[in-house]
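Input: structures, listed below.
Both of the next two complexes hold subunit A, though its partner changes from subunit B to subunit C.
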Partner chain A sequence: MATIRRGDGGLALPWARLSRAAATRRQKAFLLVLPAVALLLLFFILPYLYLLYISVMTQSHNAKYITRFTLANYAQTIGDLFIWRVIFHTLRLGVITTVIALVLSYPLAYHLARASSVMKGLLMMLVLTPLLVGVVIRTYSWMILLSDTGLINSLLTSWGVQPAHLMYNDTGVTIGLVHIYIPFMVLSLAGPLQGIDPDIERAARSLGAGAWQAFWRVTWPLSLPGVVSGSVLVFVLAISSYVIPSLLGGFTVITVPLLAIRTITELFNWPLGSALTIVFFALTVVIVWLFLRLMSRAMKGAA
Partner chain B sequence: MHRSIGSRVGRVAYGTLIVLLYAFLLLPIAIVVIASFNSGNYLRFPPQGFSLRWFRHFGETASFTRSFFFSLRLAAVVTVIATGIGTAAALYVTRTAKRYREFLRVLMIAPLPVPAIITGVALLIFFYAIHVGTHGAFGLVVGHTLICLPYVFLIVSTVLANFDRTLEEAARNLGAGPWTTFRRVTLPIIKGGVISGAVFAFITSYDEFSISLLLGGVGTTPLPIQLFDYLRFSFDPTAAVAGVISIVMAMLAVLVTERLVGLESLYYGRRS
Partner chain C sequence: MTAISLRSVVKQFGDVTAVDHLDLDLAEGELIAFLGPSGCGKTTTLRMIAGFEMPTAGQIWLGEEDVTWLSAEKRNCGMVFQNYALFPHLTVYRNIAFGLEMRRVPRNEIARRVRSVLEKVQLHGLEERYPRQLSGGQQQRTALARALVINPNVLLLDEPLANLDAKLREEMRFYIRTLQQEFGITTIYVTHDQSEALVLADRVAVMMGGMLQQIGTPEDLYRRPETAKVADFVGLVNLIPVRMKERCGAAIACESTLGPLEGRGPDGPGAEAEGWLSVRPENLHLSGTDGAAASGTDGTVNQMRGVVRERAYLGSLIDYRVEVGPALTLRIQGGAEAPYHAGDAVAVGFASADAWFVPSEEG
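Showing the complex of A and B:
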């Protein structure tokens, strides 16, 4: 009975047999999603619940934790100005990276979507190749370029320009993050842009719209799904990056992942590290949810 | 007249912008290649001269070659699993699911908004709690699959969202069964999405750092971790050699994809 009600979506239908058949079909189709659901419940939800559990356990010096309920870890996290500074620093890096990546990726994706078939293959290869080279290697390459005695500074010095601090600060981390996540943004944008019929833009132009107006009123709204998915992807990847802040930021840039790992694996403070993780997780979910909510309303308004 | 000059200037500016953006995108790749063939310990301007000593050093270092082949095998296994269950899940969620659609969608992409490094910590603690620990590659396969699944799911879902379902209805009306319809109509149209999802999954796994950092064990160290550890102690261009290998592999992957499906279909299966 319960399954039928679930299949019906709670609606009382007069054609009981028809709805039962539909319910059976949907139940069978559920097998499609079952492996993924099982994997996520067992090895994603459950470990996080365990993390949640540890976050309300009491800290201890000589054990991982003591099995006694407490909210002290959360009080400590929320009450700590240093932790809040790290959280805002991380989120700010994420937003800046996303905006810069979007601005730089849009022309690339547009150009790619409008290129001839032969060119497209070549350009696609150019966009994909950096993506296929490991993040550690690309970060290493930026270290060669950005360090105080690196390529860029040795060039600047040879031109008589004052060398600049490009590494072990936010600048280096932002450059690294933007560079690493541009291909993700381009790929997200290229699909929707490719889907826009060039004739629609031409029609707008022939009806008297300028190039800018045609872009702003036609192309941009139609590409919004790509903008949204690309932005969410890049933001989330940027704030969770570990390699780039640790190698290009040195010890001067501390992000939440670095702090949480340090708390858990170096200070062996599992309860506090778990609480920090969960606070940051909740903040991220709220931000992404608000963004998606806002964008879906904007897209409905545009349609 | 006025407008044509303006548009010509605009076109040149646009072209220049595109070239500069590609230069930015590819600069680190070029640097890696130059550094790997440079004879000096550090890359300076101008380069010190051609040498293959770093390649020899990479090939002679067992820890590098072992990690390299381990990473390849791991990525292959993870790609097969993630593409299979991710595509199936996308089919169900975008088409059949009703009441739980939003919940399932959120569940499928849930590993994405969570810092992978934190998922790694949660898994590490969990695996120790259930006495699996970091022995063997089980933890790595599970962790990598979690991270790759959302990409496959998102890409295939996007293709399915743009999918014209009247094509399937037509096939059904013409007497094709559900499986035939899927194989002959649905699959060819979403094939680009599935393959691009698989390519993403492979890249993500081969490139994955955070999960590997925490779940890699003795004898199961993926290449990125090996390189990271190496770079902390020595800054010589042996790491660049791994980069060159990656670049060659990347080009092979791209070429194979091009031969199989055409790169255009990487834009979510659209092929005009």
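Showing the complex of A and C:
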């Protein structure tokens, strides 16, 4: 009996050791994640927490805010029809930019995915080079092209065509946004498209699908993960852009980032600007979440 | 009736000629295997028949119709790809129904036909699975069902068993053959595996360097190869360089560095023709050097002496390499009943009926 019991103990012991080893391993794993967590905390969560804090403080004329709790800023934001118009306008610009970027990027990304490796490198470089030049500089070059006396309009007038207002309106801002954010869309699309075996499209063709049918029934649904991630990325970047709408919109196009910064720097109302930012942030999260839910239903089985 | 006809088909990719003036006719209901090493043009030929590649020159006919310039979706070819190319976002049912949906077949008719083909490939109960939830063999059968359900004029199989493990591959060979005969469908089977081609096909077309080397029944190919390349590619073979001395019908007499040898040969090459005698390893017989056992039995007229250099035990037989002359080593596979060892002096013999004359390329 005694020997058996000792045997039991001997059996149990390695388990105990194993679980202790597992615990230490988990602790070590946590240490590995720590830098990432710290990064997130420092650059993403803390600034938002600070904004959240300011947004419930009271406005002051000689300081950022007075440390007195209030919900008045939210009441003012939500009750202001002008603010809602700006929010709606910003979201509309975001959606239009995203759709145009998607339509323009898809054929490019498709060819990128199917090109030979040499061609792929070249195309990839062409897609990425704009990112090497700052946003401000690229936006200024659009101003040279698009302004009322710019390159396009002077060409139009020299041909006797009525010049078009391409700048200081939604058209100019949309052109700028699409151009700046298109690389992100192309890169998001290229991955999933490259993952589609060309034989799958051939299989669809051999089963009687025309080129378009094969695209809509096979290629498009299989590329949806890229469409979704690219769209969310471009949408979020477009609605939060500051430089492009301010330069190409000439302050006649007002978006939420412009309004928030003006509220803070010109009206010196930190709490109201913060409240606007938080409301817009919450709205964006809800919209993206709804979009992802909708798409995940459409993608059922594709992933 | 001719189901598929390739007429002097050429395919060039830039400077590279992938398929060089290929002529081939397939009879209705025939299973033909395209056999060749990778890069021999067999897959390119299949893709041209399917309509994924357009030939540089020549014509492709399916039945009574010239389809050379017809796009893939109008050819009604059922194709099974090497990696199956199942639609990953569709269930087994929807994968199989795809071709019927494209043909605007009514819904209840689709359901009936899909169910019937699922029954045939033994996949019932798996309709709602996605391809990634299937085993390799099940994916293979789904791909077959998807190609067969549209009642194609021809079935094109591109190395369909290459991604299966050895045991399953063996089973699927017979299964594909049975299915093909049940449907009575003209089939092209592309493979680089000669044993697969021999087991499955009515006729085998051996392709090398974009050219058709030989087409014939598996037995033709194995017993009467037309070129040394074919003899070498199909199964194991010993090639003994010879010069033909005289012939009488199919029977020929040759001289070689090993002395006079007798065999059979094709029509055409006459006396003084240079070439090889091809002898399969299993048709060479080993015996002791006393000479008593090997002489005279079953027409073993060809005799030589040699030394065993290597032996490998293969279970049911033993694989010997026997040096019979300067720079000439024969591969011999024989039963395990008379085991010889490396260094043993042996007598080697083969019947004239088992030796086939292959003319050298120039001839």
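One rule holds for everything that comes next: the second predicted complex is superposed on the first by the 271 of 303 C-alpha atoms of A that agree within 3 Å, B and C clash if a C-alpha of one lies under 4 Å from a C-alpha of the other, contacts with A are read in each partner's own complex, and residues count from 1 in each chain.
Here is the rule we use: contacts are C-beta pairs under 8 Å (C-beta built on N, C-alpha and C of every residue); 3 or more make two chains touch, one makes a residue touch a chain.
Bear in mind the structure is a predicted one, so any value in this text is a computation, not a measurement.
Q: Evaluate whether subunit B and subunit C can sit on subunit A together after superposition, giving fit or clash.
A: Aligned on subunit A, subunit C fits beside subunit B.
Q: Which partner does A:Lys120 contact after superposing on A: first (subunit B), second (subunit C), both, neither?
A: In the superposed model, A:Lys120 contacts subunit B only, not subunit C.
Q: So in the superposed three-chain picture, is A:Leu145 touching just subunit B, just subunit C, both, or none of them (first/second/both/neither)?
A: Only subunit B is touched by A:Leu145; subunit C is not.
Q: Kindly classify A:Asp199 by the partners it touches after superposition: subunit B alone (first), subunit C alone (second), both, or neither?
A: In the superposition, A:Asp199 touches subunit C alone.
Q: When the two structures are overlaid on chain A, which partner does A:Ala164 contact: first (subunit B), second (subunit C), both, or neither?
A: neither
Q: By the touch definition at the top of the document, which applies to A:Leu207: first (subunit B), second (subunit C), both, or neither?
A: second
Q: Under the stated touch criterion, which partner chain does A:Val218 make contact with: subunit B (first), subunit C (second), both, or neither?
A: second
Q: Counting residues of subunit A touched by each partner, does subunit B or subunit C come out ahead?
A: B
Q: Can you report the least C-alpha distance between subunit B and subunit C in the superposed arrangement, rounded to whole Å?
A: Nearest C-alpha pair, subunit B versus subunit C: 6 Å apart.
Q: Touching subunit B in one complex and subunit C in the other: list those residues of subunit A.
A: No residue sits in both footprints.
Q: Mind pulling up the subunit A residues that touch subunit B in the complex?
A: 6, 9-10, 26, 29-30, 32-33, 35-37, 39-40, 43-48, 50-51, 54, 104, 107-108, 111, 113, 117, 120-121, 124-138, 140-145, 149, 151, 154-155, 158, 179, 182-183, 187, 190-191, 194-195, 211, 229, 232-233, 236, 239-240, 242-243, 247, 256-257, 260-261, 264-265, 270, 273, 277, 280-281, 284-285, 288
Q: Contact residues on subunit A for subunit C in the complex?
A: 197, 199-200, 202-210, 213-214, 217-218, 221-222, 299, 301-302
Q: What residues on subunit C touch subunit A, complex-wise?
A: 50-52, 71-73, 75-79, 81-83, 85-91, 98-99, 102-103, 130, 146-147, 150
Q: Name, in rising order, each residue of subunit B that touches subunit A in their complex.
A: 7, 10, 14, 17-18, 21-22, 24-29, 31-32, 35, 42-45, 84-86, 88-89, 91-93, 95-99, 104, 107-108, 110-119, 121-123, 125-126, 129, 142-143, 145-146, 149, 153-154, 158, 162, 203, 206-207, 209-210, 213, 223-224, 227-228, 231, 235, 239-240, 242-243, 246-247, 249-251, 253-255, 258, 262-264, 266-268, 270
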